[in-house]
Each structure stands twice: as structure tokens, then as C-alpha cells.
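In this document, chain identifiers A, B, C and D correspond to the written order of the chains, with residue numbering beginning at 1 in each.
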Amino acid sequence: MIKKLFEWLLSPMGRVAVLIGALSVFSLAAYGIYTTQQPPEQPIAFRHDIHVNLGVQCLYCHPGALRGASPGLPTQNKCWGCHQQIAKTNTSPRLAVLKDYVQNNKPVQWVPVAQVPDFVHFKHRPHIAAGLNCETCHGDMSKVEIAENPQVMNMGWCLNCHRDRTADNVQNNPDNDPGVSALLHEKRTKLTDCGTCHY
Amino acid sequence: MSKQLSRRDFLKLATAGAATSAVLTGCGPASRYVKREPYMKMPEYTYNGLSTYYATTCRECAAACGLVVRTMQGRAIKVEGNAENPVNLGKTCARGQATLQGLYNPDRVENPTQQGRGKGAASQMDWDAAIQVVAEALKNNDPSEIAFLMGTAPDHLFDLVSDLANAIGAPAPVRFGALSMFESRATLSRAAEELFGQSAMPYFDIANSDLVLSFGANFLETWISPVSFTREYAQMRRGKPRKRGYFVQFESRMSQTAAKADEWVPLRPGTEGLVALAIGKLVAEAKDTAVPASFEAIDPAEVARTADVKLETLEHIAQLVVDSEHPLAVPGGTAVGQTNGLATAESVLALNAQFGNYGMTGGVYISPLGPNQDEYHRPASPEEMLNLIWKMKDGKVKVLFIHGVNPVFELPSHLGFLDTLQYVPQVISFATFPDETAVASDYIFPDHHGLESWGYQRAVVSSQPVLSGAQPVISPFFNTRATADVLIAAAQQAGGQFAEALPFADEVAFIQSKLSPLVGDPDGSFLAPEINMFSAYFQQHGGWWKNDPALSAPIASGALTKKLDPGVAEFSGEGEFFFVPFVSPTIGEAGANKPWLQELPDPTTTVTWNTWVEMNPETAHELGIDNDDIVEVMSEAGSVQAAVYLYPAIRPDVIAMPFGQGHTAYGQFAAGRGANPVNILSIHFNAAGDLAFAGVKVNVKKTGRKHELARMEGKVGVYEFRKE
Amino acid sequence: MTSNLELPVFTNNSEAELGGKWGMVVDRDLCTGCQACVAACSMENNVPFVGETDMAYGRGMHWIRVERLWEGLEADYQEVKMTSYQPLMCQQCHNAPCEPVCPVYAAVHSMSEDINLQVYNRCVGTRYCANNCPYQARVFNWRDYTDYRPGNTADNDPSWSVLQNHLNPDVTVRRRGVMEKCTFCIQRIHKAEDTAKSEGRDVRDGEVVPACAQACPANAITFGRIDDPESMVSKAAETSRGSLLLEEMRTQPRVTYLAGGA
Amino acid sequence: MAAIAKPLSRRHAEEHEDPREHLMHDPLPRGKMNEMVMEAMHETGWKFWVATGFLTLVVLGALVYAWYYLIMEGLGVAGVNRPVFWGIFLVNVVFWIGISHAGTFISAILRVLKVESRRPFTRAAELMTTFGLVQAGFSVFMHMGRVWLTYWMFPIPNERMLWPDFHSPLMWDLMAITTYLLSSTMYLFLPLIPDLAMARDRTEGGWRKTFYKILALGFRGTEGEWKNLTTAMNIFAFAIIPVMFSVHTIVSWDFAMASRPGWSSTVFGPYFVIGALHSGMAAVAIVLFLLRNTMKHYKYFIRPEHFDTIGMLMFMVSMAWAYFYFNDYIVPWYGGDVWAKLFQEWAEKGPHWYLWYIMLFCNIVVPWSILWNRKWRRTPWLLAIAGILINVGMWLERYIIIPEGLTINRMPFTWRVYVPGIEIALTIGLFALFFLLYMLASRLIPLIPVWEVQEGQEAHLIRKIGKAEISTLSDME
């Protein structure tokens, strides 16, 4: 019985069947990976590239990043603050969605894209204070239409950076200064401590 | 507004992506799977991921503690004490901490409801119709036949209703609450009146005393203002260098307060007054001074026999008094809740006079009035409640407005409040929760929860006059409306004298009108030139209070000359045991619908989630009763059933039960849980009109059933298999 | 992923480490057993309630519990005495017995704060740490208590979720099969440290107050830096009344208890 | 024998026993013997299917479904609480690891010591080892709060950059049990090869033929193959003995390394090993009794003499166990630790005091009163009953150490009693699974190492031919 199956598989028809099977498994996997790489559907197809290229600062719409844990998402009031003064708002079909939200007083249910699980207490402020730019983690938003997450934000990714930046090496401590070494050690203790993010 | 609201950040809305990443990183299990929906129309400033703190007032009891509530993105997430408020100085009790579970209680009344007294289907209505109903109730009835029944707290709503009642010629609103009943506030203020000629709440300066003799006063639990008393207790114990205050409690069972005492003296219930007088006499003898008239007729040896206490103990305590600098005696709790309660309270006050501590450090004072108050209004005594019930029965009440109190549950059922409701054509409840009284009403026009509402509240016991301020910390969660707003709107709609009585745009305008006399008062906690700024500061600081204590010394002249004869209290019923109901320290009168309060262990027995019957193991042994046996406690007024806790620190002739459970309504956490001991209280008042709640004798019968009490303690290690 | 794989280091018992960082003093003489700390802790740390049945079986989730025992139970009732109330939370031992027994580093020492951590998302639920804790300070999520109540007909009643609106976003909500315990309100420590850092200063004494100490009406709980001899907590711990619980275990707890009574 | 008036001494009895009572002295032709074993494997009566069906139902209901329910609901459905964080699951782990020990002990130690009477039952005992470890593994997984994350305990590089903690006795346990499972499976497999080859040669086509063909690894019985096989078996027999001792010592460290009163004891290592042997020996007796009475022709292979051997071992182990058990008392007594003293008082006078007495009765009184008598030792059903009772006793011993003992800790405020919940169903399910696995195995592989029996018989035959001193086969090895 099993032998017969093997024999059939070696026949031309069998080989084609194997090929089709392998292809479909592969394409399913590819499709699966593709879907995870797509930005989620947003209630408003907000164009990051246009806004960033117009010179709108990240912190204008996400002000919490500077002060607190979460960067915040803008309410419709913030959108409307500019858009009600812009003529295009009344003409563009894309902006009709926004108008609809404002006029019907509906909240915009933005879908956040860069997320960590609930048990990770990520705070924006210390990262900005450490001199990181938004695009270090979130990618260059001037080139992205709909916001998407440029990388898998898992623990290894976090730790890699934490370790690189606190390693006592030429890059971080060019003069081999013992004071800097001690400081780096202290920082490393803090930045690789489980309790820094998990509680 | 949507019923399901965001539990955490709006910024962390669940997405398919998040779910996938959670599973892939093995994190799914720890994250929440709660449905998240955004909070509608959040103001921009709540979007920044930072917390906002609002100062307000705790409404869980009438003590008027100041709170600071941490909110985030439109959610109140943590209650903290307001460090500025002189009542609690930043501290809170367990009930205050759990107030959020009242705010977010799944059983709240969400819409104005035509309730039809719980018969037939309840139907929702809109607020316009509700206001119409109230307006018509006001307009179509003779003002003298309108009754207002309110909670104990002396707050802005009481002022508003008083003004309204006054203007239209209705009887003054009646304030009541089980706590005020168990505190015997009427007796205390009456005793003050009798001895000092001044109806007021006496103020006991526990903090500066170095010897506290407490006659049943459970001031660390629920008595009047437990947080401030606990603070003062701590001050008394460890506040002074090198001198630790000493504390003796006279009580028939070891309550939480008695557990903290250095000496617990279990007296036979009803003899506390005699013991106070005996100590007075012994002190006078020990000091070699003349025995004042109040104590003359007392024979300490006889008292010791009556009270079932050793004479040496009394002598020893008298010696403690002689040796101490600032002795203080506090009456309260079960000692006052007897038929001779008034005389007991007077005896204890007289004992203080004997100590010579009136108006002295660590002594007895008269509490100051609230900043915007001209005389002391105390809550109704149960006797006054009975008068209201008789009035209702006689058909002299055509419409009854109830707010902030649940008399069906809190009053002894023997008083017949529930039955009497049928004689009232229209009962309108403003309850936030579907409690027993609300369910038995015609309408429920739900008020906001305390954390959603404006207001102010006077602190009754505080060395400074305090007006604790309240403001909404979140926008209302359900379709509720402030009762003050409803009454104002209804009065406007009713027109005429009603509109004139309440000429305000809304609740806030009324509150400002009551605050305006304080504007410019230089002695206050802040100074503001005009009312709007005053209001803003009032909200910001969580109230307004005088900077300096305004305690006045009682007039001691009459205290030691009055002939006092408390005698032994009379007990109703033929039972074998004295019955001591006490307010559950963790649940209080209205905490049963908050699951975390249910889960808090009782400080003495560590029982959670249920009612228990405290019984001395010796007694239980004689009756063949074991732990967790359900017993029937029978008085002449009725019987209740609950499981037994063999409590080693209770007199063998005393049975005690906590009050707070035994709800038949009040939401899923409260209903059908435990038993309500006030239902077996028979109706005996003391001379001040307070209920002699501890003046009942009961019998105990085993039912043969068992219910394992949910104890925090391991029974095994604490009682059975003990390490010596 | 990377070659940089390091095993976490256990304590080396250097003088600096033995000194500790955060500490607490509990005055048993002041504690009135009022449970305010328990309620405050539960509300701050999203501690779920478990219902009557599980509570009766010893599955309460309280991170802090107020213990009391009896003295003189054999004697006459008048002689019976209750021992001083003793609020008991995780003692944040320096030599914590719970840590080395965890196979996955879920119970692990925080080197930067010198307290014990329970990393909920790492926990696989062997419950060894709880067995090994001499103080019995650890509690286990026997069920998904936050999301529904077993034995309640309203198991999946959406109205439950209303009750969860007060959940603190700074603290993870734990699910079934995970051990948890008092964290000294590490979220508040972090918040204060962040604030201090952004203002370019050290954390002030009294700036970090855990929920229990904040609520305690009797001020029986003091919290702060024990490595600072000037802090309130260091001074409170110095009194002759101070002692450590189960000191003979040599766990180096960070909580000092002051004796009750005179 | 009945004719002899005075009771015989042991030596005397041996001399007067029928030598044909000994399997080695009662040879059958090899072909006949192979035939018998194959027949026992192939001929399956309705009783077997009924029993299998019943056990399958029990496994599905009490194990599979109950476990699913446990995982979905959380451990709240079990009886664990604070402070009894470990319950019957861990009792089962220790119990099953204990059971699994005897298999290896019997086959490895007896093989190394060249005890002839081991020959027919080594296989049955080794199979018990492997299946017992499977049970133990399941019990561990049931015990875990989040079993779906077990892989976090494996030392594999991962994106979290986290290793498991090798300080934890549980990690040592994981390593030890995995090692033991692997080595005991190998050790089960090696002596099985000639029998599988025999089965292959006696099977006519079908899936069975393929099955045996694959597993027999092309064994043909050449001199070189036998030589390699015996070498491998010898290496394993010697190597597995320290593994076996270490595994249960390490299991005992789960307890001994904890800072709990009554657990933290230096005597726990040997005490657990002896305890394991105690239950394991008894389990072998039960299994042999069952095989003898259910399998066709097995009465030929498994004879009273084998029960005699097992019985003697049981008796010896029981005495050793008693010694260690009371040693365990002396250590805390000498140490004077008040908590350890309470722990013992709790076992003796606590609410479940009767468990302690049942345990002593089963573990000491029963073996000591039955096993001293040679005649009783040779009565299979009596030995089976003793075995069951000893296993009950040993299970209770673990129960007293774990859930009972966990009640006693240094915080009397928390002491609570343990009441098992879903553990009962899962324990029943596990036992059913054990028997089910055994029954399925009895259909697939020869449970008698028939080549070893034949080898032994041949060796004896050699000795018998001519009266000269001729060494036995095992001596020649």
C-alpha cells in the first residue's frame, strides 16, 4: 500500500502532484507572511508621507512621546483644526471620510500599528531623552503612505539595542575611561533588568 | 454612550496583528482579552497618555474625607487620599479605596426607570419625562405632604432640599443612615445638650491623650470618622516621643478597636455607664479628692459584680487614670446603643469632667460647625424615622423622595418601612444602585455616582470647620443625572414658588451660591477675590477649610453635679444571650455591592463574602455547635440564619453579628448573600430616640446545615494545630 | 539571533548589595488591621477578587494580608489576646529563596532596584517559588479571575467588563497559571525615577509611596531608600523595636517590622 | 513434603524442591518456546478488547477531557491552594518515577550481578520503566500552570535571549528525567532486538512484518551481531545504574533543596531511591502476576521462583526503607527545628493522621508479615496483593510529604488543608493509560525476552551434560 503510493509518486503524474503540493504550501506561507507585513486597515487612510513632507512634526500629533509613556493619537479635533481651513477638505473624496467623522461627531478608531504586548511597559519619554529619533524604531514616515510597523518588536530586538548601547567598547567608550565604564555598567544593569519593562 | 468602554489605553486597541504577535511571542496568556472600544469624544488633553488627578470627596460614608482620583484617558483608575484635606490628611479607608467599584459597578441603574415598585416590568424613560414626573409630584401635592428622605451626609443636596422644603412649606428633609443609627449620633448630641446645654457633636481629642478609655466606641472601624480617628490613634500611640499612649476598651466582644487596646475589659452589656461612674468614683478616691455628686451613689464593688468584671481591674484602671496626664473617656458603639444609652453617654462625659479634661489637650471639646452652617443638624434618630413611618401610614405623605439611603435594608424590618410604602401614593428614588428601597419605588431617577458629581460636604467631626469639595472626575458613565439638577429643573418646570425656591441654572450655580459667603474669608485655606476663582480653587484643593482649629470647650459646670443613674440596661426578649450587632468594618452600610470589599477579610475574624455569627467556643460547645454550622438566631422580632464563627474573644453570654450583608437586591455581588441582623432587632429606643440596637436578647438554634465561611486565615494554623 | 547570551547573575553579597535599595518599615503597634492597604494594593495592582468559594479554599489573591494570631486561647476568654496585626507582603529578600528555584527566571532579582521581580509573562506556573517562600507571600492565578468568575452564571456577561475600567494601565493584568506577588509598587518607583531623571535630580525621600503606605490611615507603613541613612525609612528601621521576619532563614528581607505593644 | 514431620530449614527445602520448578531446569525446544511467545502476542480474546475499550474510554474521559478542562479553566479546578501549591500531580510524578526505577534496577543490577532468575521478567520491568516515565512526564505537565509554554524550559537560543535557570532543581529534574527516559528506552530496545528479529521471522507479511522489520534493524543473529549487542547491553547495564540512582536523588532534591520544614533534609536522596525501589519492586510483582494470569503460555515463563526472587527483594527494600524512614525522623529530632517537628506531628496527629498509619501498615507491616515466609512468597496472588498494598503505602508516603506537608510552613496564619479536585480523575486516567499502554505493547512486542530465557536454559543444559564443572553462559559473558 505504502509502496504503491511511493511508486505513484515517482510517476510523472505523481511528480506534478508533488510540485503542485509544494507550490501551494509555499505560496500559502508567502501569503501569510505578506499579510503580516501589510499595514492594518485604518478608519481613515491617513497619508503619513504627505503630512510629514508638509513639515508636520511627529510630536504635533503624538505629543505624549515627549512627556509620557504613550505617544497619543490625535482626535478628530486636531485633524479638523487644520483641515477646516483647507479648501481641499471640501473637495477631496479621501477627506470626505474625515468630514463625515467630524460632522457626525463619531470618534476615530485608529488602529495602532507599532505595538508591544500588555505586559511590556514601554515608555517613549526615556527613549527620546536618550536621543533616539522616531524613525529609529518607526522607520521613515515620509516614505510611507499608510503607517506600518517596520520591524518585529520583540524582546530580542529591544535587548540587542539595550546591550549595544551599554557595551563597554570603543564605540561607547573611545577613551577607555573607567568613569564611563562604570556609568555604562550601571546603565546596562538598568537596561537589561527584567523589571525595567515587565511588572 | 457605549456600555463597553476601553479598559486600558485607547492606544492599545486590539488588532489582529497584536493578537498574532502576542501568540508568536508566547505572550497571549498574560495579556487581557477584553474587548476594547474607544471612549467617545474624549477631550484632546486626555489623549496624551498622562494621568490627570482630580480632588473630590469620598461619599462612601458621611465623614467627608478628601480624595484625589487618578484618571487616565477619561477613566478613573485609582483613589488616593487628598493630603490637604484636614479630615483625612491624604489617607483613606478600604471603603474609600473601593469606591471605584461602585463607579464601575455592573449593576448600576443606567437610565431613569419607571419601576412600578418592582411589580411588573420596569420600563425606561427619558429625562424630560422624569423631570415632568418630579415637577408634577411637587406641584400636584400639598407641600406638607411631600417628604424628603436623604442620606446621613450634610452635603449640598441636603442644603438644596432644605431650601426647597423651607420655601414651599414642606417638612424639613429627614437624613438617616444605618451608620448614624449604629453611631447613636442622636444620643451623643443629646448627652452633650443635657450636660453642656449645647446640642453638638462632642469632639474627643484622642491624638493628644495618653490614656484612652473607650466605652464601646469602635472609632477605628466605622464610628463617625474612622480615618481621622485612626490617624489620631496613631498619634496617640507613637506621636509623642517617649510616651506611648495607653488604651483600654470596655466592650463585650473584642472588636477591631478592642483588639488594638492594651487592655480589653469584657463587660456585661448594658453596664458600661455604671462602670464609668465606678471608675469616676475610684479615681476621686485614689486622688483623695471629694467624690462629685455624679458618682456619689455608686458602689464600685457592686458595679463590678453587676458588670461581671473584677474590682481589681477597675481599681487598676483608676490607678492608670491617676498616673496619666491626659486621660480621656469615649462613649460609643454598643455601650450607647442600649436602653440606658443616653445615661451611659452622660456618665462617660461626666467621667471626662472628673478627669478635668474639658477643653484641655487630649480632652473633650465641642466640634465646630461646617463653614457654611449656622446650627447643628444631626441625622434623624430611629425614633424620628418611626415618626415618619407613622406619618406615611396615616396617609399624610403623598409623595416620598428618597436619595442616598436604603431604609428598607438599613432600618430594622420590624419598623415596617417596606410595608408602609404602600400607603404612599408616589415613591421616587434617586438611587444610583438598584437597592431594596429603589426596587420598591415607583420611579428610579438615578443620580450620578459620587465620583461623577459636583458638590460639597461638611465634615461633622473635625477640629477645623471643613467644607470638603466634590467634582466629577469622569464624565457620567451612564444616562444618569444629578439629583440637584433634576430638582432644579423640576422646580423650574413646576413654576411659581417652586421656581422661586430654586432660582438656579443648575447644580453648580446652586453650589456657588452656597460657597459665595466664604469668598474673601481671610481665615480660610485659600483666598479668592470672587466666586468663579473661588470655585476653581475649591475644586483644585478639594474643598475649603479654616486654617485654625475652632474647637470650643464644653461648659463643665453641670457635668459633675448632675445626678446620674444609668443603671443596668433593659433587654427585650426572653433569649439566653445578649445580641450585639456591629457594622462590618470593611463593608459598612453600603459596601456589599463592591466585590473587593466583599473579599476583604474582616479584621478580627478574617471572614469574607458572608455574614457570620460570633460565639464563644465554650458556649458553642455547650450547644453542640461547631464552626461553620448554620444557626438560627431568634429574637422576639424575628430570626436570621448565618454560619458560626467560634470567636475566642467574646463573652460566653454574647452573640455578635456584623451588619452589612443580607441584601435582597443591590446587584449581583450583594443580593442573596449573608443575613441582615437588624431584622431581628425589636423596637426599643433610648431616651434620646436612638435605637437600643444592642438591647436585644436572643436564642440560638442549630439548623443542621453547614456553610463554610470564607476565611482569609487558615483555621488550622490559627486555632486547631497551633504552634506554641 | 545573537551570540550575546548571558545568564543573569545572582547576588554577590557585596556590601553595596547587602545594603539594599528600597525598603519598608511596618509598625505593628500602629496597624489597626483596617484593610485599607489591602484594598489600595488591589486597586492599584489590578489584583482580582476570586469569589466566596475560592476564598474559602485559600485562593485569595491579596498581595498584602493582615495576619493576626491569638494568645492564651486555652485560658479564660478574658485573658485571650490577639497578637498585633501584622501586614504581610513580599519581603523583597535580598537572598530570596524563591529566585533560584524558578526554572525559567520568572522569579528573578532586579539588579537595578534590588527587589524581587515576578515576570508574569515568563512564568510557566511550576509554583516552586511559592513553596519556597518562607513568608507565603506569593499568590497564584488559579483561574482567569480578572475576566470572569467561575461558578457565576454570568460567566461571560459583558457587564463584567464595565467593572474592569479601573484597571491600572501601568500594571499587567495577569491570567491563569501565573504566579504574582507584591512588587513594592515598582510602577511607582519607575515613575518617580523617570521624573527625577528628567528633572536631573535624585529621587527624593517620600517621593515613592506604594499604594499600601499611601492609604494606611495610621501611617504604619514607611517606604523609601534604605541605603540612605537620612531617609525616613532608615530612621524608622533603626529603633529598638525593629526586627526582621524569620530572620533565622537569612533571607535578608527588606521589610522591617516594629514590635507592637509597649 | 507434607510427609515430613518437622518443618524444613530453607536449605533443606531447596534440596527437596522439584528442580523442574525452575524455568532454567525445565527447557522446551527453542522453536516451541518462540511459538508460545508469538501465540501469546497474537491471540487476542474478547476480554482483551473489552478491557482495552474500557481503558480507552477511561483515558479519553478521565485523562484527555479532564486535562483539556484543566488547561482551559486553570488550576482552580484542581485542589491546590495556598499554601498547598503542589498537589497530587507532584505525588504522581514522584510515584511514577519511583515505579519506573524498579524496572531498570531489576534488569540492570540483576544483569550485572548475573542473577539467573531475572531472565523472564526483565522485559516486563523495563517496559514499566519507560511507561512509568511517560506517566511522570504527563504528571509534570498537568501540574504546570501554563503547560503550553513548557518549551521555555528547554535550553535553546531564542529571540528573548533568555536561558532557563540551571540553578533550579526543576531544571536538574528536567535534565535527569530526559536523560533517564532516553537511556531507559535505549536499554529497553537493545535486548528487544533479537526478539523482534524472531518475531519478524515468524510473521507472515502484513503491517506487523514491516513493523518488526524496521525495528529489528536487520538483525540476523550472526556471531558479530551478538557480540556487538552483548557489548552494548553490558555498557548500558553498567551505565544506567548511576543514572537511575541519580535521577531519583535529583527528584528528591526538588524537595530537599527547598527551604521548607520537613523537606530540607540531607537524607532525602537515598531515602527517595529506596522508596522508589520499594514501590517499583511491588509494581513488578503486580505486573508479573497480571501477565502470568492474562497472557497465554506465560505460566510457563513466569513461575513462583520468580515471585520468590521479587519477594525477597521487596522484603529487603522494605527493611531498608523503614531504616531510612525513621532516619528521617532522627535528623530533625537531632536538629531540634520546631517547624520540622510540627511537620511530623501534623502527619501523625493532624486531621489526616490515618494516612500515616495506613502508610506504615502498607509499607512495613504488610511486607514484613508476608514476605518472610518462603511459601507465601511463592504464592503469586499473595505477592500481588502485597504489591498493591505497598504501592498504596508508597503513594500515601508521597502524599504525606507533598500536599500534607505543604500545609505546614512558617506562617501558621496560612495553614490550610488540601482537598483533591480534578486530580483524582487525572490520576485514574493516568493509571488507565499505563495499563492501556502495557496492553497495547503486549500485542506488539514479546513481553518475555525469549532469547534470554533460551540462553539461560542452554547454559544450564551445558552444565548438566557431564558432571564436570562447566561454567554457565552468564559466566562466559
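In the analysis below, a contact is a pair of C-beta atoms (placed from the backbone, for glycine too) under 8 Å apart; a residue touches a chain by one contact, two chains touch by 3 or more.
In this text, all values refer to a predicted model and were calculated from it rather than measured experimentally.
When the contacting C-beta pairs are counted for A-D and for A-C, which pair yields the higher total?
Result: the pair with more contacts is A-C.
Could you name the chain whose CA centroid falls nearest to the centroid of all protein CA atoms?
Per-chain C-alpha centroids ranked by distance to the global centroid put C first.
Averaging over Cα atoms per chain, report the distance between chain A and chain D in Å.
Here the centre of chain D sits 55 Å away from the centre of chain A.
Mind checking the centre-to-centre distance between chain A and chain C? Centres are C-alpha means, answer in whole Å.
Chain A and chain C have C-alpha centres separated by 35 Å.
For chain B and chain D, what's the span in angstrom between their mean Cα positions?
66
Just give me the whole-number Å value for how far the CA centre of chain A lies from that of chain B.
Here the centre of chain B sits 52 Å away from the centre of chain A.
Touching at least two other chains at once: which residues of chain A meet that condition?
Counting only residues that touch two or more other chains, chain A contributes 69, 117-119, 154-156.
Can you list every residue of chain C that touches 2 or more other chains, as numbers and ranges?
Residues 1-2, 4, 58, 60, 65, 67-69, 105, 120-122, 172-173, 176-178.
Pull out every residue in chain D that's touching 2 or more other chains.
83, 146, 149, 152, 158-162, 411-414, 416
Going by the contact rule at the top, pick out the chain D residues touching chain C in the complex.
73-76, 80-86, 143-147, 149-150, 152-153, 157-159, 161-171, 174, 254, 257-260, 406, 409-414, 416, 419
Taking the complex as given, what residues does chain B use to touch chain D?
The touching residues are 25-26, 29, 713-718, 720-723.
In their complex, what parts of chain B are in touch with chain C?
These residues of chain B touch chain C: 3-9, 26-27, 29-35, 72, 75-81, 88, 90-98, 100-101, 103-107, 220-221, 226-227, 230-231, 233-234, 237-238, 244, 246, 254, 256-257, 259-260, 262, 264, 266, 477, 585-586, 595-601, 603-604, 606, 608-610, 616, 618, 648-652, 668, 673, 708-714, 718-719, 722.
Along chain A, where are the residues that touch chain C in the complex?
Those in contact with chain C are residues 69, 117-121, 123, 125-126, 129, 156, 160, 163, 189-190, 193-196, 198-199.
Which of the residues in chain C come into contact with chain A in the complex?
Per the touch definition, chain C meets chain A at residues 1-2, 4, 105, 108, 110-113, 115, 117, 119-122, 170-173, 183, 186-187, 190, 194, 197-198.
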